[in-house]
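Next, two complexes with chain A in common: one pairs it with chain B, the other with chain C.
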Partner chain A sequence: MKVSRRTFLSIGSFIVGGAAGTALSPLPWKLTDDLSIWTQNWPWTPMPERGEVSYVNSVCTLCPGGCGISVRKVNDRAVKIEGMKGHPVNDGGICILGLSGLQLLYGPTRIKTPLKRVGEKGQGKFKKISWDEALKEVAEKLGTLRSEGKSHTVACVSGSACGTVPQLLKRLLTVYGSPNFMSVPTMQDAYAVTLKLMHGVDACPGFDVENADFILSFGSGIIEGWGSTVRMFKANSAWQDKKIKVVQIESRMSNTAAKAAKWIPARPGSEGVLALGIAYMMLRDGLYKKEVCDSAAGFEDFRKTVSENYAPENIAAATGIEKETIESLAKEFAGAASPLAICGRGQGHTPGSQYEFMAVHALNALAGNINKAGGVFTVPDPKYIAWAEPELDETAQKGMSSPRIDGAGSETYPHAKSLLNRLPPAILSAQGECPVQALLISEANPCYTLSDTQTVKKAFAKIPFVVSFSSYMDETAQYADIILPNHAYLERLEDAPAYAAGLSKPVIGLSKPVVTPQFDTKHTGDAVIALAKALGDKVAAAFPWESYAACLEETLGDKWKSLNEKCFAVVEESIEAPLQFFKQECKPVFAEGDEKQYPFVLMPYDSIRLANGFIGNTPFLTKTVPDTVLRKNDIFVEINPKSAGGDSLSLREGSAVMLTTPKGSAKVRVHLSEEIMPGVIAIPRGLGHTAYDKYLAGKGINCNELIGPAEDSGSGFDAVWGIRAKLSSVSI
Partner chain B sequence: MSKPVDHKKEVLGDGSGGFAILFFLLGLVASLIVGWVVYPKLLYSQKNQPVDFNHALHIDLVDEGCESCHFFREDGTYSGVPKLAQCIGCHEEVQGETKDEAIFVEQYVKQGREVPWLIYAKQPDCVFFSHVAHVKAGGMDCVTCHGHIGESASLKVYEENRITGYSRDIWGKNISGLKTNTWDRMKMDDCSECHEEKGVNATSVQTGKGACFVCHK
Partner chain C sequence: MNKQHNKAKKFGMVIDLDKCTGCGACMVACMAENNVPFKADETNKLDSITWLRVYKLTNGKSFPNADFCYLPRPCMHCEGSHGHSPCVSVCPATATDYSHETGIVSQIYTRCFGCRYCMAACPYHARYFNWWDPVWPEGMEKYLNPNVSVRMRGIVEKCSFCYHRYQLAMEKAYYEGRREIEEQEYQTACTQACPAGAIVFGDLDNPEHAVHELKKNPNAFRLLERLGTNPKVYYISSREWVRQAGDNYLRQEGKSEKN
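Moving on to the complex of A and B:
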């Protein structure tokens, strides 16, 4: 169409007029303003809720450190977790996991209703069922097993043995007729056995870190999450300020080693030998507290054993540390007013070898710092759970008299209270029917945390009936037949005995509900009481409480009121701990595998940025993991450049290699670092989840898949600290 | 020789100039109407409050003026629009005979449902405004910003900006942005106008620093 000049001019004028008019109207200015505000209101932009602000004091239960927390709320929404000021453990501080705990409350990994398995075991396919159906099914199964005389084939795995909920589970098993209550062992258990053998007491270890003036750490990750994280961070800072010397013995330069006054890279696994080497020097030069030790039972035998076997020449060869270094260490340690020797590798979430723990404790004994300011304390059990002994019927008595499936307390393993690591082999080696017909799991994730997870999963798949109380869809919950989801932490009322706080006196915490439960979940305490009532007769009679809350209030008795107000109570109790030197012969634990075939030693290491127990990493925590540890989904192992050039490998930073151990192999990437001993490969612990949610699953490798259990000859615990390994080239 | 003259005639004498001016004016007027009249009409939707609250009636019954219901919490935070809990004291049963009273008691009080009041003064989420700093520390009254709503017998229609979702009261009734009273607008310029006039140079309570982050958090 031909546009005439007139038309063109008219349209042009109209546009110009329109533009002028628009500019003279408020439209462009108002629209710009509105659009800019509109961009701030896009629905995916997080906005804080408006409303009344309040704080709820509680206790963090993400680890047994027992920190007090103060949770900021807007209306009924928890918006921030802060440390509780004035709390004896953390006094206002909080760790990175505790800080990001809201993601465990509101994140996508929660189990929202009771579930029943529909797929294969471990496949993670479930259907929703009601609480009535779920509890009925579990009670019926337990009832059937009991009537068939198989009550002893029911076992329970609890994250801890302390506190009312684990004790309710144990009580249920007892009156039901099974001795097979197990808890997940940590360094606390290895220490407990040590204190039993060397002082004859039932106690937890306490460490007066605030008053110690020389710290000798045998691989303890003081600022990696050992003990109670916040307390140890504060102590470490105070030591730096006061110029108190910290010596870190560890084959890899952890953050603790980097901040220490001295880092001594000892050959991995030789820590106990080194401790006894130092003891040798102290005994030889008379640098020990004679008034304490000379009269102690077994001291002469101990002196003889050490003098005969731990001469410096031998120690230098075994540990790779020069004789002079060991000598000066012994002098510094013995010369300090309040020296403190600690052990428990990394975060101490795995029990170590009895040999090592007793050797390190012997140093403290020689320095005379047991139950003294700045030393190690024997902390008694707060003993606030004093329920009436339950009456057992004939079935229960018969069941309780059968041997434990894990052998704990037997002649072979007299010291351990339970040995979870022995459960999978017991199941797999049994002929015929599975010796565990039903398993209850609470606050534990053995299919991820136990060594050699492939074997553990095989064993779990053989158990006909598994009940999980997990709040999260973890690896073990995926093997469950029925899931009875617990309220998440911050949703439930529960006592939280701070057995890992490491204070010189026992501390009881009370974890209070901060928000009302978000989903159709039930407190495990209430679920246990409901199951007992459904089983009837004497089982029901042992649980006279109307609800878990009533049980807790009654249990805490006169402590209830002040605990409810303050959330913590320090129990003024101490225990006499006469010193005796051990008679039992303990042996160090060696890395599995043939040295020629596997030239390296693979060691897992702990990081404050990786939660590695029942509680998995929060997305926020994973974001803080550096890309020399995890890049996208690739895990990095640390290796010294001196070890990287050998053979045909010639590894460079970021090279992909196949890491093989006697237990399995995995493709990993290499991070070259001078901060690790040559010949050692370090792998981070806490990655490689296959369950939970997209924020956690599929990231890296679970180190437990590559490492097999190493049973300690003294205690029976899995005292594995590493395994022999080799690297081979792999195409990317 | 007449051809050039014809050309000139064509340019000037065919009425093109007149048309150009006419269309210019048409465009001008049309866009002015769109900008000043049509746009504001399209921009705002009209909403009635769920319950027509009578401020005038209540202000006579309470002792402490506005703060009787719009109070400061113990920690200094401002409670804003009252929650049901504050009304229940008197309104557990229907008081008087108005239709709105019946709605309020039947639909909200008896069912324990909070009234979804539409808030005329609601600012975007990341605007940090402290009532206590202005009212308690600055000694300002409510009327300066909120006008005489406390004396009204009926709640006005809530005009919601379809783009931003906020009330028309923030930009002001006048689409040009001009105002006669201090309470006519609640944009940032209106804050700074008063701050400049009073010479207030506030700093952030949290950081102790001035400038943007005092209010934009």
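Moving on to the complex of A and C:
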């Protein structure tokens, strides 16, 4: 067809005119608008349902801190956790983990029904079973072991020793006939031994941080999660307002060190030596409270030991801190009206060496601030659990008289109540049959949190019957034969004693269910009572309660009503604590490994953004982890640029490198940081999970895989704080 | 007209960096309150949605003189001059607007079509784009807050100073026959959560509100003040290097002589 000029123009103007007309009409805009409205109504974008708003007060039990929480609900859904105003511990404040607790409650790591293992141990393959089947199976196994006279081979690991549920577990073991109740040790246990040795009392330390006017912290992560987190944060802010000086002694600049008035980087592991060096100055210059100390038992011996061994020249060499700095530190500490020295590294989740704890406590003793405002209080166990002594049958008596597997309370370790760190070696070194035939685990994840996790897992694989009460599919639950899942923390009624959190006035909290149980779970308290009843006879007789709730109500007695209303009760109990100085028998704990072969010291560090205990990190927490700590699945270790150049490594920011310790090696990336002492490598604690969900598993490495336990000569606790390490090149 | 009509407010924040511990509770409080989604991998911070982000500033000195400080960064709710904040000026969809009633820069998700001009215009990186559909693991939708709509793929979102809390507080006040709200009736989720008490929120123009005095602190400063964005978030730091880091100063400019 021939297109004439006329046709071309008329077609052209039709197109142009049509386009212009359409553009001027509302059509394209209407279409764009419709398109965007359509995309906004995609059915997979959730529309949260509206409803009646209510608040439920409770106590957070994600850590022993004992904070009051107020949970906002819309109909039956919990939508937000907030701090409870007016609560004596946290007064409205809340920590990052507590805020994200709903991700645990509604998260994909919850165990939804009782499970029975079908795959290999540790493989994490389970099948669903009913509660009747599960409880029957556990009771039968325990019954068989008991009838074979092996009741003492049953052990229990509990996250804590305080509270009714741990005490019910302990009671079950006692009447069943096993002395092997263990709890996960923390710095509180090291402090408890210190108070026992230096005051002869059974007590927890209470730190009166609100009234102290000079804080000397030997590596304690005051704003990293040490003690009761929110309370310490508030104290730290109050110190800022009142211009109270905090001195932080630590080889890496933690958040606490950055906020402190003074940061003194001491050689890692030399904290105890430094404390005694300060004690030397106080004794030499007469800067101690003579009226308190001179009459104390063992003081002259203590003075002699310190004067002979801790002269400033030696201390300067051992700690890497100048003599003058130590001197002025001693003067400042002794010169303050209410100085307070604290220890327990980072969050205090590991006990630490008795040497260090006693040295630091000696400073408080010298300053005369024991049981004084602004000092350290000896806080007794509030003893609200007063059940009738159970009657033991012959089997139980026989079982209870056999020695503990972990050696706690024996002649070698007279002071420790439990030594979980000694359990794996005891299992692995035993000849013949495994000394632990059955293990019950509640609120603990030793396959992740104990040093040298490889060995721990090997030991767990040898235990013939493992029962986990975990609400979440953690590393230890994966080693279980039967899982009896507990309600999650916001679904259950339970007492939450916070007397082991360094509070000067201990608080008993009542954790109340915020929502009804989401899955087919059972309160561990009820599971324990059911097991006892199934075992029958005297075991059953020791558990006369109909249910855990009945037990709790009876236990709390006259406190029950007010606890139900307020969720907390402050306990005002004190205990006489005469001072006695210890004989210097304890030794510092050194980092394992040969210095020549391993030129660096590897130290784990705690971050408030990484939960590293029984509770795994929530997706929100992991989201806040900086990209200098984790990038994709690669973990970053911190190292001073001065240390990064040697050994033909010439590391740059982000370089991949092989980190090797006497316990193992792992590929890591380096983050060059001026905030760490040369020669030290810092690795974050809380990563490297193999269990849980895709939001946590496989990210980074678990520092406990590279670090071995270091048994403290005084207490028997694992006092490891680091290990020697080397870096070698690695191909990417 | 009606004399009782609401007095214009200028909501803002004063964040004490001496108290801020960098714990990140504000970030999580914000994410929990505002239904912010998360992915399996959030380590690429360029696409990780955090309305409020805590930055770490370092003084650049070497060991042992190194020092660092955390700086929480919500949306600055810039007033610019007469409400011409950088993002509002460039939005072709009128999806973001400056409210002269509250001083809050809004983000209207249903209007936004994802051109991201505002992200380019914002000098504080306070705006985030939804590159993916928000997906919660099965069952976790249960905790979503009905007061804040969930954003879909393809749009921009940012800190709203928890505007829904303002609306709820105002509704309550109106219901009770009041025209004004008390300082404590409207607080953002981050302010409420901060365990260190480092964040203070209120009406910058109201002498009865704490922020009114706090912003006059001689150590108070704002971020990139010289750009003329006129932000409503103030910071306080006793450390000079931190205050210096708040703007793009030349090496020796503005430093006191003793340094």
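The rule is simple: the second predicted complex is superposed on the first by the 683 of 732 C-alpha atoms of A that agree within 3 Å, B and C clash if a C-alpha of one lies under 4 Å from a C-alpha of the other, contacts with A are read in each partner's own complex, and residues count from 1 in each chain.
As a working rule, a residue touches a chain if its C-beta (ideal position, glycine included) is under 8 Å from a C-beta of that chain, and two chains touch if they have at least 3 such contacts.
Because the structure is predicted, anything quoted here is derived from the model rather than measured.
In the overlay built on the shared chain, the residue A:Leu27 is in contact with chain B alone; chain C does not reach it. Of the two partner chains, chain C is the only one touched by A:Tyr695; chain B is not. Once the two complexes are laid over each other on the shared chain, residue contacts for A:Met253 go to chain C alone; chain B is not touched.
When both complexes are overlaid on chain A, the residue A:Trp263 reaches chain C alone and has no touch with chain B. In the superposed pair of complexes, A:Leu630 makes contact with chain C only, with no contact to chain B.
Considering which of chain B and chain C touches more of chain A, the answer is C. When both complexes are overlaid on chain A, the residue A:Cys551 reaches neither chain B nor chain C. Of the two partner chains placed by the overlay, chain B and chain C both lie in contact with A:Gln40. With both structures placed on the common chain, the touch criterion links A:Phe14 to chain B but leaves chain C unconnected. In the superposition on chain A, A:Ala359 makes contact with neither chain B nor chain C. Touching of chain A by both chain B and chain C, each in its own complex, is seen for residues 37, 40, 47-48, 50. Of all the residues in chain A, the ones that touch chain B in their complex are 5-6, 9-22, 24-27, 29-31, 33-35, 37-38, 40-41, 47-48, 50, 52-53.
Residues 32, 36-37, 39-40, 42, 44-51, 74, 77-83, 90, 92-96, 99-100, 102-103, 105-108, 223, 229-230, 233-234, 236-237, 240, 253, 255, 258-259, 263, 265, 518, 608-609, 619-627, 630-633, 640-642, 673-678, 693-695 of chain A touch chain C in their complex. The residues of chain C lying in touch with chain A in their complex are 16, 18-19, 21-25, 27-29, 31-33, 35, 38, 40-45, 48, 50, 54, 56, 58, 61-64, 66-70, 109-110, 113, 133-146, 149-154, 189, 192-198. Per the touch definition, chain B reaches chain A in the complex via residues 14, 16, 19-32, 34-36, 39, 43, 73, 75, 77, 79-80, 124-126, 161, 163-166, 171, 175-177.
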